[in-house]
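Here it is, the structure in full.
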């Protein structure tokens, strides 16, 4: 198949671009090319989703795109490309070039981590992403940036060391002929003597990456210090490396994983609520977003934990979809923050941001709603389900708080942004709304059918190629599902509950007789204006030709009416 | 048969031409002149439509008096605009300059006349109900001319109201006088320049005109004619005499003038009430007496119509009577 | 007993028609100082005649018919007085008599003068207008109605510009020309109807039309022309250009009669056209259009009344709004109470509106200023007039127990009965707007005067008495209607 | 097509013309003139209806007398309307002339 | 009968001819006075010829008397109007 060359090209282009940075004359052009580099990866991911197997091995490192990897790669490539489009508009020339120097390796690592097919390539990509993110975080030259970058470095390094040890322990029972592929690793893990140590170290390392509670403190500092456009890609794509690691390396094995799964679930939920509680108190919008990321990643981790506990393969698919959706939405929020910090808040942008923020919490008709619908059967209706709903309510509160803070940010000297920045934001938010809808049948097909009480067809979910006809037919079934109303309400009530709390907290102080005063001040002006319009209309009506015309018009009208 | 049709079509074309000139001619004087010609040709059209009574009325009132009134008004308006050129024209409304409005109005008017034409063409077979009834009931009134019969016997209330309309129109015209001028003589008939020819006409024509008027009134019982046509002719002669300066317009507060004006209606009312008291019903005539009563009514009506029309054309009172 | 009543009714119908006509002619012929007394005498005689006629018709439940000159309808003209006509006749008589008595002192000639222009014109044209109104109510012949409507206009126009102010001439001319345009269209319609069946009597025409299942083009054009022509004379919204300047510019007694009586004449003919000529026409599209125009009039009239700065233009626009209510009767004709509601609203509005205009007249002459914002202290200076103004305003607004309230209540009942809920909206919103502009005046008037209190100038007692009588009779009308319980059929 | 129907069509056309003039022409005198034209056209329609109702007795054509009576009454009423309208227009012109320049004597008939 | 019809045709035709000349004069003559001259002379003569031509057609003597009366009146009216318009023109009233 001649197309096989696509994957290596996709993964290699950022590195090749990095080489061009050596020649000083080309370097200033680099920021303008940033949006072009992730596109081959995007094409590769789309083809993979359509069922074309893409894989290659390069001296021991093998890369292949399966279903979850392709989905996350597609979303990440989209985010990297549109964020890259905004970089030259948001940052002026010297800092944009400097940023793109660190931008390219992170991009390469982030794309590669989704495509990694064996332990070694996974760890390589994971390390590249970890290390190069440090450059992005420390980009700004003020003290907080340096302080945050330092903190991040400590956490990232320790995290990677733990992952390295875990990889070594995982690779130990393997021999040369079985290779280091994930299937081999997960197959060998339950029987290996160091299984508990490996899983523990793995959870510790990846936990730092996705910011589980005791290990999360670097994330708020990093995201608020980093330039928001960089924070968008780190929070969006880079942090998903941890998620894909948990999915790939932790096997669905009875017995062994039940205790670790329970721990992961509990830790995930604690992180979720911790992120919400602290996030509501933050004043900086970037910090609010950071804590929101912590909370969402915590929720995904708990989803995986529950899956591991009940050995439910569906939870992986749901987690992938949830991560992809979070990736896109978080990207939009950070990008919007970046643009607003430069050009000032505009109500149209705020409206869009609110809409997307609430989609995280499960606003009906948005992708978040689908995600929540998919989670329902997995988390069940027990305590964990209730907690998940409360988390959704908390997310609504947090998002409204973010929007309030965002509206309050006023740049010292608002400059007009280049149109391409707004184009980038527009395209990204469009993608955040539409792409998840396309991906749903693949990942959340079974859990949604379960939630709506439809018969679950038994075809395995992983290697089902994406096709338009199956997509349409899936949705037709779903619309006519009997349980739709009940499911809708189950997703909706947390949203409303969160909105209510937000109103209670932040409603501006109203004088007594509130509505009347409002109506009076507002209503009176409107009524007077309407009165003037009516008077002018009546003045025209009383002109002789108009009255004569009306008279003859009535004659004809009545004649025709009686005749008909 | 086709010859008379051609004559009628010719007449119609002349009528349409004059109507178009009346409606769309720019100078008002031309429009009024065209309207007077239109009135006269319309009288011919009435003869063709076998309505001779109406032809007489149309010629006398429709084009004669109305034409004279409008001509006087237009002439005065032109004199005023020449005397005070910078004064802005009197506009009853903001002139409709917006082309769209004009087009829409034209379309709607065309629509109305089109529907009307369609209706006229598709009228069903005309009922002869009324014609028969009038023919049967006419001998009871002793009249020969069915139109006078309808006017003064069957629909007498209309004629009574009509005579009253003239009186109240006169009161309306007089009400437009200045308060100081109340009781004075109307002056709008006084000619700007004394003309000998007019004096000659004023002396020669009125006797003949009065004779014709009385003949018309008398013939009205059995042939086309009647109170209104005769009265109008008498009024015309009186106006001719007034404008030729041979007679003086009576003062508004003149008691005899008032009586002359309202005598027609009052007598008509009195005879109606007599019928009401006499058990024949209001405006009903006792069996043998109807022709005589009708002639009395017609006589007084002719007289008061002549006076009223004359005063109407004379206009509103001006200088107060020197006390 | 009944045939005596019928005979008496016939004679009274003729008298009701003839007396004002005779009065007008005599007042014109004799003139001078006696014109006023002739007119007042006619008014009193007419009052007696109409009251007795009303008593006969309503009490004996009979319908009086009278062939003029003894000729049967296709030839002669027929007069008819049924329950509804007599009620309207009675209201008109009360309004005319009260207005004449309250205006008896106006335009009096000075001791040395024999006669004044305005005096003669007023005392001649008012009874003439009255005679024309009676003819419009009683006559059953389409052409006779045309002539009566024309006389009504010819008498009303000179009265509009009685005071000789420049702007009233333009208003009078516009009123005359638009009314003429309306009546020419009406005449054309009547002609076409004559062309179809050879008769102009409403009774015979109703027979002919009931035989039809589909309206021939000539009849639909004729009815379209007649309806639009009459709507031009009732000043419904798109055709109301002449009413505000005419009614506001005219002297107070004249505008009282114009708003209370003259505008209603064309409406009565419209009612007769649509209910006697074509019973069961409530569901046609035309009735719905009339309803819509009525609703529009209520809203537009109300809003513009609110926005006027002077008293009389405000009351003039309120006339347009209240006429809108009457037009709501057409779409609701299916219900039994709609006819009674329309009638009651017509009468109570006539009484209340006459009181409002007469009160406004007194305010202008004795308080000196009719700008609404400058009316502070009116309550102190002219308490009785303001009280009458208030009571009349309440009747317009539709506060219980006034006539206006009962009319609106029956209209709402009709709306519910026929299931057309939509019509309730303009009815209620109209009431709100009316309350708006009445209370606006009362609020200002009851405020203590900023300048030192003006001397309580002496408003002639007869005028005050008449205004109060009109306002209270609008109130009593409501009580009487409540008394009967069910709306008259 | 009988001759009277042609007159009916002509009358319908004149009605259209005169209605247009009545509505569009701003000058009051021209409006009154258009009204007269309109009135006479309406009466022609009456005449056409009368002629259709009539017939021909031993060679002499006759028309239905009732519409003729209506037309005569209508003509007189139309004349009264014209007189009142013209008087109002002249009084309006004089009042307008008085308001515009008080000095010249705006007598209506000199 | 042929003779009377022939007589009427010829005279009425001649009268119509005079009317045509009068109208052509009205249109072609330069100033108002000459137009006035054409109108009053030609038209009156034309009318006279038409009246004489129609005499045999009407009922003798009343109808004939009426026709002649019509002609005399027309002559009287046109002379008076001619005089007045002439005076007006002489006084310089601009006639459009």
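Each chain carries a letter (A, B, C, D and E) given by its place in the written order, and its residues are counted from 1.
As a working rule, a contact is a pair of C-beta atoms (placed from the backbone, for glycine too) under 8 Å apart; a residue touches a chain by one contact, two chains touch by 3 or more.
Predicted, not measured: the structure shown is a model, and the values here were computed from it.
Shared contact partners of chain D and chain E, listed by label, are B.
Chains joined by the most contact pairs: B-D.
The greatest centre-to-centre gap from chain B, using C-alpha centroids, is found for A.
Farthest chain from chain D, judged by C-alpha centroids: A. Compare each chain's C-alpha centroid with the centroid of every protein C-alpha atom shown, and the nearest one belongs to C. Centre-to-centre, using mean CA coordinates, chain B is 11 Å away from chain D. Taking the mean of the C-alpha atoms as each chain's centre, chain C and chain D sit 29 Å apart.
If each chain is reduced to the centroid of its CA atoms, chain A and chain B end up 92 Å from each other. Residues of chain C found to touch two or more other chains are 143, 147, 150, 154, 157-158, 161, 169-170, 173-174, 177, 181, 188, 192, 195, 198, 217, 221. Shared contact sites, meaning residues of chain A that touch two or more other chains, fall at 543-546, 548-549, 552, 555-556, 559.
The residues of chain D that reach two or more other chains are 15, 19, 22-24, 26, 28, 31-32, 45, 49, 52-53, 64, 66, 70, 73, 77, 80-81, 84, 88-89, 91-92, 96, listed in rising order.
Pairs of chains in mutual contact: A-B, A-C, A-D, B-C, B-D, B-E, C-D.
Of all the residues in chain B, the ones that touch chain D in their complex are 4-5, 8-9, 12, 15-16, 19-20, 22-24, 28, 31-32, 35, 38-39, 42, 45-46, 48-51, 53-54, 57-58, 61-62, 65-66, 69-70, 73-74, 76-77, 80, 83-84, 87-96, 102, 105-106, 109-110, 112-114, 116-117, 120-121, 123, 126-128, 130-131, 134, 146-147, 149-151, 154-155, 158-159, 162, 165-166, 169, 172-173, 176, 187-188, 190, 226, 228, 312-313, 315-316, 318. Chain contact summary for the complex, chain D toward chain B: residues 3-21, 23-24, 26-34, 36-37, 40-41, 43-45, 47-55, 61-66, 68-73, 75-77, 79-84, 86-93, 96-97, 100-101, 104, 106-109. Residues 27, 29, 193, 195-198, 200-201, 204-205, 208 of chain B are the ones touching chain E in the complex. Within the complex formed with chain A, the residues of chain C that make contact are 174, 178, 181-182, 185, 215, 217, 219-221, 223-225, 227-228, 231-232, 237-241, 244, 284-286, 289, 300, 303-304, 306-307.
Every residue of chain A that touches chain B in the complex is listed here, in rising order: 543-546, 548-549, 552-553, 555-556, 559.
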